Amino acid sequence: MGVLAVILWSLILIPAAASVLIAMRTEKSAQTVAMISSLIGVVLALVAAAQFDWSNSGAMQLGTESGIPLIPALGVTLSTGVDAIALWLIILAAFLQPLMVWGSSTAINENKRSYYGWLTALFPAMVGVFVARDLIFFYACFELTLVPMYVLISSFGSTNRKKAATKFFLYTFTGSIIALAGLVYVAVFNLNLDPATFAGAGEWNFDIAVLQQAAQAMPLGQQGLVLFAMMAGFAVKVPLFPVHTWLPLAHTEAPTAGSVILAGVLLKLGTYAILRFVVPFAPDAVLEWAWLIAVFAIVGIVYAGLICWVQRDVKKLVAYSSVSHLGFCILGLFALNMTGLQGSVLYMINHGLSTGALFFCIGMMYERYHTRSFNDLGGLARKMPIWAFFMGFFTMASVGLPGLNGFVSEFLCLIGTFQSGADGIDGIGGTFGPLGPWYAAIAGSGMIVAAIYLLFMMGKLVFGPFREPDGYEHHGPLPEDLSPREIGICVALAVPCLVLGLYPKLITDSLEAPLQQTIDIYTGEDPALADANNPMTVALVPVDRTPSVLFEEATR
Amino acid sequence: MQELASNLMNITTLLGASGGESLFTYQESSGGPGWLGLIPVLPAIAALICLLLLFLARKGMASGKSRGPAYLVLGFLALSFILTLSGFLMWNGQGKPAWIVTLFDWINITWNSGDGEQSLIANFGFYFDGLSFLWMLFVTFLGSMICLYASEYMSGDKGYARFFAAFGLFVASMSCLVLGDNLVMLYLGWEGVGLCSYMLIGYFYTKPEAVAAAKKAFIVNRIGDLGLALGLYLIYTTFGTVQYDELFRAVAERTDAAGSPLDFATMWQSWAIPCLLMIGAFGKSAQFPLYVWLPDAMEGPTPVSALIHAATMVTAGVYMIARMFPLFLMDPDLHALHAVAWIGTFTALLAATIGMAQFDIKRIMAYSTVSQLGYMFAGLGFLTTTGGAYHVFTHAFFKATLFLACGAVMHGFAGQLDLRKLSGLWSQPGWRITSVAMLVGCINLAGLPLTAGYFSKDMILAEAFYTPDSLIHFSGLMGWILLFTAGLTAYYTFRVFFRVFVGPEHYEPGDEAYDHDSDETGEESHHPVEEHGDHHADHFHPHPPGWAINLVLSVLAIGSILAAIPYFVSDGNDKSKGWVGDMLYSSSAFYKSPAGHADKHGNETAVLVPADPVVLPASFADEPAAAGAAKGKVPAADAWPVRDQVEAGSILGMDPHKAMYYISAVFGLIGILIAAYLHGPKGPAGLFIGNRTQAATSRADALLPKLGPLPRWAQNKWYVDEFYEATIRLPLWVFANIFHAIDKLLIDGALVDGISSLPKAFARSIRPLQSGVLHSYAAGMAAGLGIILLVVWVFSL
Amino acid sequence: MDLLINPVILYVGLAIGALGVLLALPRERVNPQLIGLILAAGGFGAVIIALALRGLDAAGLPNPHYYIFAPIAILSAIRVVTHQQPVYSALYFILTILASSALYLLMGAEFMAFALIIIYAGAILITYLFVIMLATQAPSETEVGALSPYDALAREPLWATIMGFAIVAVLTGMIAQGLPEIRPAGNETDQQMLLAELPGKVLDDLDAKRVFREMERPETEAIGDLYTIDAASRTMTLAVTPEAAGDLLERAEAEDRQVAKLLIGDGTTLADLRAASGAGGSVRLAVAPEVRVTNLDTVGWSLIAGHPLALEIAGVILLMAMLGAVVLARKQIEIGEDEKLARAAELGIHTGPTDQMDSVSGGGASS
Amino acid sequence: MTIASLAQDTIAAGMPLAELYHYLFVAGVLFGLGVIGFLARRNLIIMFLCTEMMFQAAGITLIAFSKYHFNPDGEVFVIFVLTIAAAEAALALALVVLLFRRKETLDASAWAMLKG
């Protein structure tokens, strides 16, 4: 266990210990302990970033060499490791955690211990997912995130929170069970590969790299099944179009901090899992079925966008908007070229920041007016101008205004989708990939729909004639406009939005190496696959991986 | 300095190499002085400081009422104007390379390093060449003038600092748009100005109409932006680059960024890219399908309409087409330019007809802007970027003057804009400067001979006839339509002038709350109306504009007169195009019209021969350059279309350039006379000024019934808004509700809840088996035994 | 497999039997039990006769007595099921048991036959009779002998008979076709192999024949060193001193038939014996034919050696059953709540919350 | 002919399948009658009696196959069947007595409280 591995492990263990500590200590101290643990999380994330060797950002670093054997018989080891993508998402999670704790100081008054306890317990589960290099470790953490979220929604939500919490839990849980089935199938397939093919074949081994090679050796039919099993699980988490109905319910019922972390990081588990499992594991099947997933994504974008427009509840509107936004993210992911993948990873981070911030603003408004419906609210800019500014700022960020973070990721996703698969038409801009210009054109209309519903929200809630819920007079600890604490949170989220909007190179440079590895799987230059003397290529079904062949195959 | 620019190979300008002129002179670029990068940054900084002031004011640390923000933004704008001017003077020169100033790397992604390396590079950099200097000059100049105007105009408004923050941000994004050195920067500016126009139109956010207008503007712009975005993606996918310098070099050499040849004639992108860019331009510059947002944008304060919706933002579309002109010329049959010409002409005519029937002077000015923009696009369509650009230049000045004058009137008369309720301002004390400014604006707009508007419009009209039908089909017909529209323009301009400024002194104040909602502090109650007494006119005393407004009006009036000078002054090699032509000569917007005959200044007809034999497709090489005046076009099957010299068109047999002076003047005068006849005071004496007695003539009202439903239709804007509502907004709303129902009932209700209730239903169905009667259990057991035995028996056979 | 019985006859016979039983079942007014019995007897009789005919040529006839006891068993079984008086049902059941124990005897399982009679008929069914007597005395003594409704009337007789005989049809039909799974019949010698396990039996027989006159009878446990038994060839080799051998030989030669038969039972001539025994040491004795492993032996051996654990558990089960019966059958005394309190007060237990009261007096008011 | 000799010669001859079937037939009929009795009769005790009959039928089959295969286990198992029958009888009758005492009737359909 290298000394560097300590960082990642402490990133998981300290908050976990803190959550237990919170449960034991008094109500009063719950928030302070939670705050301390989240700050430790931030410090550790920064230390990890410092130790991380950014020049070689593609390789798995800061990990344990062999990992702690959990179930030796099945080759399940608690091995950790982080590459640039995972590290950035950990930094996002670590960054959001203190803000959430700080943000819910006035929202939650009774049984703080359980609230802050579960909130702090959520962090190690999330980090576990990004850090895991072993399938079972990944899956355990992937499931563990559901429990705190369930408790947060069911005991701290608003009106019919129980139903929403159970639906959220069961929906995601069934999905991930199917995904587990698919992944275990790969492990079994790996079991009866003959050991000569590659290191780790022919035995029970759940290391992700080994399973990836095994999955790639699968014939197309089986790969298709594994693809759909994994997609069934992870698409629910992303919420991709047909399986998204749990999100609006979960969001409207979750407490402010709950929906921030749900939109901020939990949805990214799905896209991260797809990037880490679906795309590298089943290259042929992905090429075969990418068009279907892209169609779902596009339908999601336009369909959810239009639904936002008729919503009467602000939080449901923003929830549907994240379904629509993540449609772009998935589209970029399945463009299978550098711009598309960069766009989708950037999207994960940007969406976390801007939609998380939007939920914070709505939470602040909810704490004052205790209602979220458009019918009895309007023109709040009159009473809360600072809040109106931040609300406008984050709406513009999520509508994809250039200069703010939303634009860069949306632009990259769309241009990635446009040029993916366009290497057939003349001109060098095109790259290999399953999608094409028409996908981008229709998805582009999503930008218009986004403008429609977000400006509808701004027009109703922030601008327009002033209207407060009848019989409302100002009370409670919070001032009419934002309190310094709330302004602090908004500024803390606004600055990264602006910085990432103006200088995305900060992230894109480091993402080039890991994403290049994913792309090489598709364009055939995967080092493991390519070199002749690697026995792996012998065992492999000799799929001719030159781009043109794959392209014909994809567009057959 | 930006190393990308310096390591660009310094190819000899194509002029020298082949003697003939290439489609356009490719302008290679070199690093420019760093401080030029400050031009867009300064207004942005001003905006940020204003925001801080606003924030502090909200916190009570700074007084909300001071004019600080206005002067702050004014100072920064003036500074950036000076920087632009000095930058231009340093740079000024024909054929000099464009300057590229890169601030920092913005989007910079490369992949597949090694062979087949591809990259997407869009830096935060600026591209200074003739076109961008021309645009920046009048953007920053007008920006600072209008900012001065607004400092007084907006005084007393609660959101003062917010206004100027948005104002600064607007000029910053406009400069990013104009100066951006790659298409993504253009897109950044494009959406930035969209946002600022949203914020400024929606400035009076307590008024639902303003909020709706702002939303409408942003969404219609967004539709245009989608076209631009897709065009951008297609350009990148075809050429592999979005940087201007690489892009123009690629188009000049007819290859993509990596040098592999592209056969423009057969590529579908050659017409697809210009069409997509055109959609973007129409969205932003309010052309036919997407113009509906501009008239509603009048909800915003007048300085906003003056700056954004007259001079700067709406010209962004023209700038973009001018900048991307080489791409528009890729298509051998020039499909896109045909569309631009046709839609430009149609919009001009449509807007003019609507403008004639409106009563709100700001709306009339808005429609006139749409109409003049139609002219500019028509100019671009007739392959005269110089004509278009020059008309933008002059239009910016006189339209700003007109708007500001109307603003002054509205400011003075407590928000009154209806021309039926105002007249005889000329002779009112203190309104003389406004009236003179209005007059100058009107004569320019109407195109009275020897005014700047006359020359710029004349350039476009002349080109309409000069460009042969073979190149742009029916350009002659479009020319005549534009001439007719020029007449209409003259009519409605002077209709406003006569109804508002000439004639007896009579006025009714508008409702105060209409314009500047001075009191926003909490209570919604109307401003105490008694003080303004809108019922009986004698109590209400219009307060004439202050020193700032008068100063700006006079400066701009003089400016719009002086705008005629650039038509004559020219030191470039093509005297006919004037100073604007020289500016455009050294930019990507330059285009040598193939049509030619003995030029006004006698230099030989420009023959356009594809420049670079090396690149030529083999089949073309053996065909001698089309020396003769071959009628029509060489079929563009495979070779790069030969734009050989084609016979120039003519108007009524005469050379369009010379003849147009007289013909357009005639149309202009006819328009003015009709306006005088219908709306001017009775008798020739009243025609001019000062006749107080004559009541506004009722001839116009008498004529109305005879015209049948036409005026009513025109007044209702030909029901375009209603049409859009019915065909786009309503179906979308219906679809949204259907999707919502599907989502809630079908997917969530039927599928998810349905499946989750399956287990319970199944359990309920088998409950009766538990009947409690001993015998039924026994029977069950016996039946089970029997079945087992049967199965064993059957399987053992 | 050749059919053991022509399936048509089997099924028709069973059908008729079923019809008979159906009629025989008790019902309301018209109660043709006798006709039912006759029909049933006819049906089953037909099947048995068919079996017998088939058995004739296949030399598979059971012991002739089978044809006496089988019908008795079947008819009495029918009466058990169909008789309205529970007491008679029990008695008929005893008759069935007796008939079936006779069948056991026919099959050579005499231990079980008698066990059945003693334990089953003797004990269990007598208990049944007790309970029937106890439970059927009509609460109202007015109509003695009147049938309580639940006895007089069968419940869904049609379905019951159909169900029952469907099972019988399947069972017998299956076997009639000779399920391939039934392994071929074992042969008798396997049983005899048990001889090696029961040396005492052989020694007792030899003792009875006074073979060990001079020498003392070897200990049964000394098998292996003093003597060995070879069950397959039914011979026993005995280590004897030369004199004993000599004495045996003279008695054999002196035509002591019994000893001679033993000695030369396996066909060796007297001369070989002399030569072999001359050297002293051991002598081979044949096991007398009547020394056979009887049914009792096999059962005993299998019970003790084969299934010791099962035996223990059976014991435990019986103990538990007895304990259960005792607990269940205790007299229930219903006492009210207040009386419980009084009782508790007497015993000086403080009257805490009621649930404690229950636990204290729980014993009293049984479940 | 003494019972012993009766038993003796049958052993020696072994038991052909046809003969086995005779006993199986009787056992089958007994078992069928047991099922009918249990299903048709309403008197609790008679129902238990019928179960006993089914036990008995099973016993006959066991013995028949035990002799057919010359395997003593069959008989041994009958012993265990008997013990179970005895235990079952004891408990069942105790319960019947309780049930009778509770509701004064032996009718099986009186007890339907376990209705789901």
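A few points about this structure:
By written order: A, B, C and D. Residues from 1 in each chain.
Convention: a contact is a pair of C-beta atoms (placed from the backbone, for glycine too) under 8 Å apart; a residue touches a chain by one contact, two chains touch by 3 or more.
Keep in mind it's a predicted model, so treat the numbers as computed, not measured.
Set against the Cα centre of chain A, the chain with the most distant centre is C. Compare each chain's C-alpha centroid with the centroid of every protein C-alpha atom shown, and the nearest one belongs to A.
Of the two interfaces, B-C and C-D, the higher number of touching C-beta pairs belongs to C-D.
The distance from the centre of chain B to the centre of chain C, each centre being the mean of the chain's C-alpha atoms, comes to 108 Å. Chain C and chain D, compared by their mean Cα positions, are separated by 10 Å. Remark: chain A and chain B have CA centroids separated by 38 Å (rounded to whole angstrom).
Chain A and chain C have centres, each the mean of its CA atoms, that are 74 Å apart. Touching of two or more other chains is recorded for residues 35, 39, 108-109 of chain D. In chain C, the positions touching at least two other chains are 155-156, 159, 163-164, 167, 171.
In chain B, the positions touching at least two other chains are 775, 779, 782. Every pair of chains meeting the touch criterion is listed here: A-B, B-C, B-D, C-D. For chain B in complex with chain D, the touching residues are 767-775, 778-779, 782. Contact residues of chain B toward chain C in the complex are 775, 779, 782-783, 785-786, 789-790, 792-793, 796.
Those residues of chain D whose C-beta lies close enough to touch chain B in the complex are 35, 38-39, 47, 108-109, 111-116.
Within the complex formed with chain B, the chain A residues making contact are 167, 170-171, 242, 245-246, 303, 306-307, 309-311, 337-339, 342, 379, 381-382, 385-386, 389, 396, 401-403, 407-408, 411-412, 414-415, 418-419, 422, 425-431, 437, 440-441, 444-445, 447-448, 451-452, 455-456, 458-459, 462-466, 481, 502-505, 508-509, 512, 515-516, 519, 523.
Residues of chain B touching chain A in their complex: 51, 55, 58, 104-113, 118, 120, 124, 184, 187-188, 190-192, 195, 198, 202, 205-208, 211-212, 214-215, 218-219, 222-223, 225-226, 229-230, 232-234, 236-241, 256-258, 260, 262-263, 267, 269, 520, 522, 524, 732-733, 735-737, 739-740, 743, 747-748, 752, 756.
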